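Before anything else, here is the set of structures, which you'll find just below.
Note that subunit A is present in both complexes that follow, paired respectively with subunit B and with subunit C.
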Partner chain A sequence: MVSQAKGSAYVELRKTKVVCSVFDPREIPHQNEFRQLGQLYCEVKFAPFSCPRKRRPYVPDVEEKALSVALRQALEPAVCRHFFPNYQIDVLIYILEHDGSCLAAAINAAGLALANAAVPMFDIITSCSVAVIGNKMFIDPTEIEEHIAKNSTEVNHGIITMSVLSQLKQISDFTQIGSMDVECVTKVMEVLLKECEIIVPNIQRVLVVDVVKNFELKKHLEAETKKREEILKKKMDEWRSLLNGQ
Partner chain B sequence: MSEVYKLIHPVKHFNDYISIKTRLDGRNFDEHRNIKLNVNSIKTADASAVVKCGNTTVVCGIKLELAVPKAEEPDLGFLITNVELPALCSSKYRPGPPSDYAQVINNIVSEIIKNSKCIDLKDLCIVPDKLAWVVYCDMVCIDHDGSLVDACIIALIASFKTLLLPSVNYDTETEEIKVETNERINLKIHGLPVATSFAVYEHFQSQIILLTDPTNYEEEMCGGNGSNLIISYNKGLLCGIQKLGGGSLSTENNEEAIRLAEQHTIAVEKVINACLEGKGTNK
Partner chain C sequence: MAGLLLSSTEKVFIVHGVQEDFRSDGRSNIDYRPMELETDVVSHASGSARLRLANTDILVGIKTEIDTPKPDKPDMGKIEFLVDGSANATPEFEGRGGENLASSISNTMQRAYHSSQAFDLKQLCIVEGKQCWKLYVDILILECGGNWFDAVSLATKAALFNTRIPLVKALLMDGGNVDLQLSDDPYDFKFLDVGSAPLLVTLCKIGEKCVVDPSAEEESCSVISLIVGITGNSKSYCADKGASNITDVDIKCSTISMNGPGSLAPKTLKNAIHQGM
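== the complex of A and B ==
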């Protein structure tokens, strides 16, 4: 999607719109020691017009930093970091419109962009979130639902975001805001596991379509180059015969 | 093969293409890339537009706020433009505070809008000396492939055209502000400023070549500071020329550039009008 980046992805969860781009590994700035594992540098930024209530300032506020850290924790188990020791991969997320489930959208976008950039990964990472208000569960909440869940005064309230590595059946990250009792949490976890499973075929399809397209484009370009090379060869032979004939 | 050649001999690679009068993507020197425009895609913003000039993608979002006008200009509202070049748009930019280049582009864009007088700040004033609109225009570049200023201005104008100002009732005695969110009034826009970017290349036979709507690669080959020449037109009136680095221009080149910019303006106007009638279309 972003032509200047090594890999990129754009995810829309109904109204929430997230762009992610991934760049080549580069040297870690301000680094003295040698590290066995590569690092992931994640940064999440909100567009100034993305929040419905007020405009965001430029200084990365607490929410952006918290999201960046959460994203990094979710992606680290999925990426094969031993393949780029002492290097750092930049994963940059930009949120164009915030209508709930930002972290889930960001993790999905980052997973897709990393795959698009051909960064070696252990598995496809998918993520989903649920808002709990009282005894009701809202899967993939919108901003209004999230707002109510955070400020609710009921016994069980909050938002849980979970990201899963589907084939390996491992949970890579689990973030919870709010307070709820243990039964509620276990129920929500089962629901989230199922939801993440549902997303996987979509992601696989997108990646496969992209790879097939690139493959066909490459074949097409190679065929054209072969044709041109043949024309050039013929001309070269003509000239050689002319030179030899002289 | 040509990728390798591009890395080892970048200047020669570029020169070879220019010598046969074509560019890397097959365009002529004065051909523009296709423009794709879409409005009202972001619901959290009061008006928005997404522009794709080739690969260059710019999203513009407008947010409205109320404020008290300045004491020395009591009947003028505020128009604040901001251009953001986040690190994800290109590998040239690192995450952190806005780079110098972003501030330069921001300055150019705000100068163009001010000089073209397309928005009258008096229209933004609700009650003189008490209440006025502040229009925050944020342009975010998602993919930087040359001709940033062009894309920014198109996105900005398209979102201005779809901006609806809510009507405000201000009670002077109780100083109560009531905003009717059934937004009604269209913002009055005088004219339609359009910017055209060129890259100025000095061919080794000391021939000056003007490349219209340069891509990132072409901009880098011609100096690296971005487009060398930016001309903005507003309904037949020239409203700004900026030249930043690159080769030197003779007067004929200058005139030719102005002529090309004029033609481009007409084409872009058609695109914007078509888009606003159909709410989302291609060039």
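== the complex of A and C ==
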């Protein structure tokens, strides 16, 4: 989607819109020691018009930094960091519209963009979130549901976001805010595992379509190059015969 | 923590020991190290505490200020966390080096104290909609010995317990502007109710088992740790007279987060959370 980036992805979860772009590995700035594993530099930014309640300032505030840290935590186990020691890969997320569940959308977008950028990864990463209010669970909550869940005074309330590496069946990130007891947490975890599994085929389809498209494009370009080469050759032969004739 | 170099044989030794529920200093997987807790160490702060958990040394100071409450929460006060890694702890913390660690600790604390069941911000309210107390919790890491999250949360809870909020003596409502007079008497204050303030428990995954309260060497052997914030039962923290009035609250999770470049199988996560409780 973003042409200057090595890989990019755009994810829409109903109204939540997230763009992610991934850039080539580059040297780590301000770095003295040699590290065996590559680093991931994640930055999440909200567009100023994205939040319904207030306008976001330009300086990254606490929530953006927290999301960046959580995103990095989620992506680190998925990327094969031993392939680029002492380098860092930039993953930049821009949230165009925030209607709930933005960490989940950001992780999904980042996973897709990394795959699009041909960064070697161990597995496809998917993420989902659930808001709990009382004894009701809301999968993939909108912003209003999230707000109620965070500030409710019921016995069990909160938001859980979980991201899963699907084939390896490992959880790469699990964050919870709010207050809920252990049975609730374990129940929600099972629901989230199922949800993340449902997303996987969609991601696979998108990636396969993209790869097929790239192949077709390459074939098309090769065919065109051959045609042009033939025309050039003909012209060359003409001029050569002219020169020789003279 | 980086700066500690362990040979691979030492790491294997620690991992094998943990499998047998036996750690290098003789503890079992669920034992805490001995800790010393001292409150009221800083005289200028409204509340303070110092915690020593083996090698880890944390100092927490709390200052109170009067502020206006948020418009969508008119009867609740505010609490803000700031974590500062002092260069004494490790040379990496010099300047802005410790910022990543500091921001992750303060984020986790903010999330843990977010819920009204964890820490009731209504006790910080003075005049609904106009004035409330704002608590600035400043956490200073003096020495690193592994397991910061637990130590920070313990020290914060102790400091909040020690915090003295001055009582409001006189109020003048002057056409919308409120003029407060705080009591000058140093003995005239109220304490906060911190019975259910959350404590963070760090579970470090070493090999197949999870270990509570990892030391610095154990932390460098593990790839990932799980931090569970647990709100307490306020009944266990008050004097006998008031016990019957407070409702019995079950232990809850107020925040869960993962730390470290690794991943967990779902079953391990569940077991670990149970172990934390």
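As a convention for this text, the second predicted complex is superposed on the first by the 237 of 246 C-alpha atoms of A that agree within 3 Å, B and C clash if a C-alpha of one lies under 4 Å from a C-alpha of the other, contacts with A are read in each partner's own complex, and residues count from 1 in each chain.
Quick note on the criterion: a residue touches a chain if its C-beta (ideal position, glycine included) is under 8 Å from a C-beta of that chain, and two chains touch if they have at least 3 such contacts.
Note that the structure is predicted; figures quoted are calculated from it, not measured.
Asks: Who does A:243 touch here: subunit B (first), subunit C (second), both, or neither?
Replies: So A:243 meets neither subunit B nor subunit C here.
Asks: Once chain A of both complexes is superposed, is A:171 in touch with subunit B (first), subunit C (second), both, or neither?
Replies: Touch partner of A:171: subunit C, not subunit B.
Asks: If you stack the two complexes on chain A, which partner ends up touching A:231: first (subunit B), second (subunit C), both, or neither?
Replies: neither
Asks: Go through the superposed model and pick first if A:66 touches only subunit B, second if only subunit C, both, or neither.
Replies: After superposing on A, A:66 lies in contact with subunit C but is clear of subunit B.
Asks: In the overlaid three-chain picture, which partner chain does A:17 touch, first (subunit B) or second (subunit C), both, or neither?
Replies: In the superposition, A:17 touches subunit B alone.
Asks: Is A:179 touching the first partner subunit B, the second partner subunit C, both, or neither of them?
Replies: It touches subunit C, and subunit B stays clear.
Asks: Find the residues of subunit A that appear in the contact set with subunit B and again in the contact set with subunit C.
Replies: On subunit A, the subunit B and subunit C contacts do not overlap at all.
Asks: Spell out the residues on subunit A that touch subunit B in their complex, using ranges where they run on.
Replies: My answer: residues 1-5, 8, 15, 17, 19-21, 23-24, 41, 43, 45, 47-52, 55, 58, 90, 92-94, 96-99, 225.
Asks: Going by the contact rule set out above, which residues of subunit C touch subunit A in the complex?
Replies: The contact residues of subunit C facing subunit A are 73, 100, 103-104, 107, 110-111, 114-118, 226, 231, 250-266, 269-270, 273-274, 277.
Asks: So in the complex, which bits of subunit B are touching subunit A?
Replies: Listed in rising order, the residues are 1, 41-45, 48, 55, 57, 59, 61-63, 65, 82, 84, 86-91, 95, 97-98, 136, 138, 140, 142-145, 216.
Asks: Within their complex, state which residues of subunit A touch subunit C.
Replies: These residues of subunit A touch subunit C: 37, 62, 65-66, 69-70, 73, 76-77, 81, 150-151, 153, 156-158, 160, 165, 168-182, 185-186, 189, 193.
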